[in-house]
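Take a look at these structures.
Both complexes below contain chain A, partnered by chain B and then by chain C.
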Partner chain A sequence: MEAGLSAGRLIGHPVRRREDERILRGRTRYLDDIDPPGAAQVAFVRSPFAHARIGGVGVPDGLEGVFAVLTAADLEGRVRHLPVQGFEGGEVSTEGHPVLAGDEVRYAGQPVAAVLAESRALAEDAAELIEVEYEPLEPVLDARSSEVTMSRWHKVSGDVEGAFASAAHVVRASHGLPRLAPVPMEPRGTIASYDDADDLLTVWVSAQDSHRQLAGLANVLDRPEESIHVIVPDVGGAFGSKGAPGPETMLVAIAAVMSGRTVKWAEDREENFVASYQGRGMEADVELALDDDATIVAVRARIWADLGGYLMPTTAIPTHTTAMLMCGVYDIQAADVEIVGKRTNKVPTGPYRGAGRPEAAYFVECTVDVAAKELGIDPLELRRRNLIRELPYETALGWTYDSGDYERCLDLAAELVEPERRSDDERVVGTGFGMYVERAGGLFETADAELLPDGRLLVRSGSSPHGQGHDTTFAQVAAERFGVGLEDVELRFGDSKEVPRGVGTFASRSVAMGGSAVVQAVDALKQKCEAVEARLGRSVSLREIAVAEPGLRASARFESDLVFSSGAYGAVVEIERATGALRVLRLAAVDDAGTIVNPLLAEGQVIGGSAQGLGQCLVEEAVYDEEGNPTFASFVGYSLLTAAEMPPVLTAFVETPSPLNPLGAKGIGEGGAIGTPGAVANAVADALGGVRVDPPFTEDKLWRALREAGS
Partner chain B sequence: MKPSRFEYRAPGSVEEALPLLRPESSVLAGGQSLVPLLNLRLAIPELVVDINGIAELDYIHADDGVLRIGAMTRQVVLERSELVRRRWPLLHQAVRLVGHPQIRTRGTVGGSVAHADPAAELPVALTALGARFHLLSPGAARVLGASELFLGPLHTAREPDELLVEIEVPEQPEGAGSGFAEHARTHGDFATAGAAAVVGPGGHAGIALLGAGPVPARADEAERALADGAEPPEAAALAAQGIEDEHRRALCTELARRAIEQAAA
Partner chain C sequence: MRIEVEINGRAFEGEVEARTLLSDFIRHGAGLTGTKVGCEQGVCGACTVQLDGEAVRSCLMLAVQANGRAITTVEGLSADGDMHPLQRAFHESHALQCGFCTPGFLMSMEAYIREHPDADEEELRDALAGNLCRCTGYLGIIEAVGRAAREMRGADVQRD
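Moving on to the complex of A and B:
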């Protein structure tokens, strides 16, 4: 085909994001930009108590501008509780989150009633007048002391007891990562409208994909999927928090069905802080058994996850990920890992950038540094002695790492970061490393390729973007495989009636899974084009093929086992003696995400992920007071890093292609958030002469630790 | 995050504004604190008196060596004033630390003073400079010093029918230097602690701390010690000596030391 002659190699090139011009010029359409005339605006009545019994809900008469007030009683028989996803080998409670609270609230911020009014301001006015009788109950705020287990997973593999009994050294350490708020730039939101004649429910939702929303809505509203149309508009970030639909989305959808009105809920920042599911919130006791030559022979870990008041659909998933990654990048033959997910009176947790991986990396890497300190071995040397060197490798816990070169990553990180340890009257400086391996990809993803009448290529993707740059990277993949220029490829996402059923954008999976589906769909279409060309018996343009055989189309559903990205991070930090203030002087980020389709965007993901990892280290923490009230309901109580706090991030990629997909890609969306906390924590401990504290590394904590260190 | 219903008035002069002020009213200056408080329904006034149209309150000038700042002067105007930078550099140092440029473009000097956030930079700098605050009410006027005006967090001696119209800053001694140091979680965030210092020949010293108590506190003892020839670290320790929490005391001591050393340099 003639067009093929002009096309060059695009995979691996730092193509600038072609979606940015539209975004930067404000031509995007986010959920709140959609303004259906006459829509009822929703405000929720949310529990002011962390834990309470509800006596009753009183709705005064004559509320100004109010169409309806919905309570749990009104939804009786119309909606189910949200579904709960389990995981392999896990005992997971099946009790899901109610759409509206019935007789009990289990966290401050839980939706109790919904007001539908002419405007959001009137809805909020009315929400203040709804009388809810609460009988406050004692809140449970600590996972370790909670008596209610919502999920549990335990696995013993190899002779753990024997290994510990005969070990030359046993190292024990406890670590914790506090809860974080995801804080996407655009909060959540849903609009729903119902067409009675066709029994069609149309739902616009700010989400990470269309089909998981569709499945969730169908389940909770007990409607056939064919009767629901989900449209995901432009999405201003999610970091995991817009994966499975939450109770508010369900409420908006059922309210549209019940009222016959178009119903809109655009979440505000305060709601987003208190009611959007959070990340992290795990503590662990970790033990390593080492033999004479510092070989790690066994790991034992007991982990507590503070899951909050209910299991959201995917709340339990990160606990499994954490547990399964507790061997890290090390060749450890025996493992005994238990993770319990506890009910507390806080907003539920869920998958937030990293989703269980940063916790595992932090627990393992900090314990390795404790071992190095206790054994008097250089932490890099202890790591090198224990790294997995031959891949694929099946861990004691049962996952198969597909590819990687962990030592190369570590060597590069050490070289880039230029380790330092020094101390004077004013400051102490230390260096630390943190490695990671992450599960990425898995399940399936879809794409559909069509030759347009003008000879251009249209790709409909089951995977949809919310800031990752699919429109550029997927176009690079499609254009290169099809042999056309980038400008000849158009991508469509996010409309459940248009795109094939996909899985979504999370778990660092878009390029490996969605990109591979694009490869397969485009390759299949190309074969069809070549067949047409062969039939015509001469070299023709794509436009001529489109004329000769209109509507040429091919679709693909790509499935694969998990792929495992990996990396090594290094940090040099400085702590000021007088105040305890921490400054990260530089961060080295070395990631192996297999084949990199676009190094510019990949580096952007690393830097963004690192900023979130550093945020966790420096300032972020969702703190509840002793009554279980969130103290982080605004940016006064919850801080995010700014560009001014970002240290130089020295990035490098190691590319060991995955054997599991046609691109050789793994995943890069989360590495920065996973690798950074361990590296910074180990650097802080190095600067403090071995004294360990958990993030966030606030100046008061470090000032006290410095005094403890007596250095 | 929608405010509850309120009546809105936008007077064009101080004369028109004064009769509107009452206990149920809030004055809207730059709106950088009041608007979020309204949206969070932490402030639920019946009436919002928007004074952004009062041009007569927007000025910076120096008469007889005294700096006069109209209450509606935007923080960015203070930041860019050559007069202020040259003769009252402490204000320049402090205002640059207020929020972000977007905030300083709307935020006003008077609004920051009247809001009396204990984490705000300008009240602390004005306290160290010995500023005086002019309040007007229908038929009356009074002038208060910092210790009289600032009563507690978000709480001043301003009566509901009074409007803060001007901030007056006395002339600083010839050869005086100034310093401002603060600690914030992130750039542009609310300060967790800070210190402002003016040090001049002949024992002149003005020191005030941020985050050491509910209001900007003048550190009299430290000022006297400096006048008597104490070294900056010693004066700084005196400035922070009343703070109970050990770390906060250490933090304030260090920031006071930096501010004093910067002023004395």
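Moving on to the complex of A and C:
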């Protein structure tokens, strides 16, 4: 075959994004940009109480412009509660989130009724007039004191008792990471329309993929999957929060079936803060046993997760991830880890960028620094003595790290960050490091490659973008493997009737899984093209092949075990003595995501993830007051970092290819959010002479800690 | 109430309720959905448009307040031909990911660098602090705006 003119090596190049021009010219189409004429607009009546019994719901007559008001009673027999996903070795409650609350509400913001009206304004007006009788109950707000366990996992491996009994040093520390809101700039939203004649339900949803939405809708609405068509339009960020469909999506879908109207719900910011699932919210007591030469011989951890009022489909998953990563990047032969997920009267938690990995990295890395301080060893030296060096490596907890060079990451981070420790009358400065290993990939992903009549390549992917740049990275992979130019490759995503059944974009899995499926599909199509060429007996163009054999197509379903990205982060911070104000002076981010397809976009992921990690350190915390009311229902109560506060981020990649996929790729989507908090927390403790504080590092906390450090 | 406005050089008229936000009129009345709404509280900046050349948050204004005035939205930043230097710089510096905040950044910063062509990085960062982005971590945006400002200054010098 004759290769396209611009064909060549594309993998590994900082190709600028093909997505950009459409966005920059304002030609995007997010959920709320779709305006079906005559659609009923939805506003939810949400609980103002953290915990209450519902006596009844009263709907006044003659509400202006209102088509219908739906309550739990109207949905009886039409929907199930949302399904709950369990995990290996876990005891997980099967009681999922109701679509609308029945006789009890368990968090402020829980949907109780839905108003369908001519406009969102009229729907909101009417929602104010719905009379719900609440009998307030005592809320439970602290996971450790909650009496209801919704998930539990416990594993003991190796002689933990013996190791602690004979250890030269035992180090104990407690840490906590508060709940965070994912805050995609585009809130959630769903449009549904039902065709009675064909019994076809079409659902447009702002989501991380089409097929998990499809599966969730089919389950909750008890409909065959063939009768549902899910379309994911442009998506304005997700960070985990648009993975499994929530109760609002289910309501919109069933309302379309019941009313025969097109129904639209475009979430507003306040709803997104109070009702979208949150991340983190874990506390841990961690113990390390070390021998004479500071080898870590055992780890013991008890972890509490504040899961909220119900289990959303994926609420329990991050707890498993945290527990399984409690050996970190260290060669620890014995481990005893228990994690309990507790019910509290808050919005449920779920996967938020990192999804269990930042918690594990934070708990392990902060405890390692406590150990270094207590043993009088340099924290870098203690890490080097204990790093895993031979890979693949099976941890005491049972995951196999496929590849990595942890020491190289640490060395590079130390070199890039240029450690400093100083103190004068006005400021204290300190340096800290945090390492991480993250599970990425896993399960399967799909792709379908087709030779178009004009000789161009069309690739349909089961993976789905929401800002990552799949249209560029997947095109780089497809074009290089097929031997054509980028402009000859077209990608399609996010339509359940068009793309093959896939898994989706989360857990830093798109390139390793989706990219590998693209490789396999394109390679298979290329073989078919070569067979046609051989049959024709001469060198021909792709267009001629398409003419000789129309409709050439190949599909792939790529499956693999988990891959494990890793990295080392370093931070230098400065604290002002008079106020306790924290400034992060610089951050070094070294990540090993295996082969990097596009270093520009990979760095974009690292910097973006680091900004979320820094936000968690500096300003972010979803605070509930003593009655369980969210105090973070707007950007006034929940701040994000701005451009003015972003420090320099010095990035570098170590590329140890994964042996588990044809690209050698691991994952880069979450490293920044995972590595940053531990590094900054250890830098803060270094500046404070060893005094430990948990994020967010507010002026108040640090001012007090400075006084403690000084006394 | 009846209003008449000019958007990107085209006249639009429409019937609005007194409470209709300018952002809703632009998006749903005029059908120009390039302008995004991220918070309706005037904090995130995604809905920024220009009113007679000045950057404003269209979620904090009522449609009736724009009556008789000229609005520029992201769709009007460059005509159908070449992209504006700021748009090109965003592309070059990977200053956008999901793209939802991007129109607001463009409309805020186009006005800012037009009025402050010599702003240094510190000033640009402060000016950017009125717009929120959750994807990029801002470093690409800071680089892009600096790049565009330099290019636009260069163009001025050539014209002189």
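Just so we're on the same page, the second predicted complex is superposed on the first by the 707 of 711 C-alpha atoms of A that agree within 3 Å, B and C clash if a C-alpha of one lies under 4 Å from a C-alpha of the other, contacts with A are read in each partner's own complex, and residues count from 1 in each chain.
Assume contacts are C-beta pairs under 8 Å (C-beta built on N, C-alpha and C of every residue); 3 or more make two chains touch, one makes a residue touch a chain.
The model shown is predicted, which means the values in this text are computed figures rather than measured ones.
Asker: Give one of first, second, both or neither to describe whether A:Ala581 is in contact with chain B, with chain C, with both, or with none.
Answerer: first
Asker: Who wins on chain A residues touched, chain B or chain C?
Answerer: Greater contact footprint in residues on chain A: C.
Asker: Which partner does A:Pro184 contact after superposing on A: first (chain B), second (chain C), both, neither?
Answerer: So A:Pro184 only meets chain C here.
Asker: Between chain B (first) and chain C (second), which, if any, makes contact with A:Gln468: first, second, both or neither?
Answerer: A:Gln468: touches chain C, not chain B.
Asker: Is A:Asp125 contacted by the first partner chain B, the second partner chain C, both or neither?
Answerer: first
Asker: Which holds for A:Asp700: it touches chain B only (first), chain C only (second), both, or neither?
Answerer: After superposition on chain A, A:Asp700 lies in contact with chain B alone.
Asker: Check whether A:Ala207 is in contact with chain B, with chain C, with both or with neither, and answer first, second, both or neither.
Answerer: Touch status of A:Ala207: no partner.
Asker: For A:Ala644, select first, second, both or neither according to whether it touches chain B, chain C, the two together, or no partner.
Answerer: both
Asker: Using the superposition on chain A described above, determine whether A:Val619 touches chain B (first), chain C (second), both, or neither.
Answerer: Once the two structures are laid over each other on A, A:Val619 reaches chain B alone.
Asker: For A:Val252, using the defined touch cut-off, is the partner it touches chain B, chain C, both, or neither? Pick first, second, both or neither.
Answerer: Neither partner.
Asker: Does any part of chain A touch chain B in one structure and chain C in the other, and if so which residues?
Answerer: Touching chain B in the first complex and chain C in the second, residues 121, 268-269, 634, 636, 640-642, 644-645 of chain A appear in both lists.
Asker: Sort out for me which residues of chain C touch chain A in the complex.
Answerer: Touch list, chain C to chain A: 17, 19, 27-28, 31-41, 43-44, 46, 73-75, 77-78, 83, 87, 90-92, 94, 96-103, 106, 124-126, 128-142.
Asker: For a test of understanding, state which residues of chain B touch chain A in their complex under the given definition.
Answerer: Those residues of chain B that touch chain A are 1-5, 36, 40-41, 183, 185-190, 247-248, 250-251, 253-255.
Asker: Residue numbers of chain A touching chain B in their complex, please.
Answerer: 119-121, 124-125, 128, 268-270, 578-581, 618-619, 634, 636, 639-642, 644-645, 699-700, 703-704
Asker: Going by the contact rule set out above, which residues of chain A touch chain C in the complex?
Answerer: 16-17, 19-21, 23-30, 32-33, 35, 121, 183-187, 234-237, 239, 268-269, 466-469, 600-601, 603-604, 607-612, 634-636, 640-646, 648-649, 672
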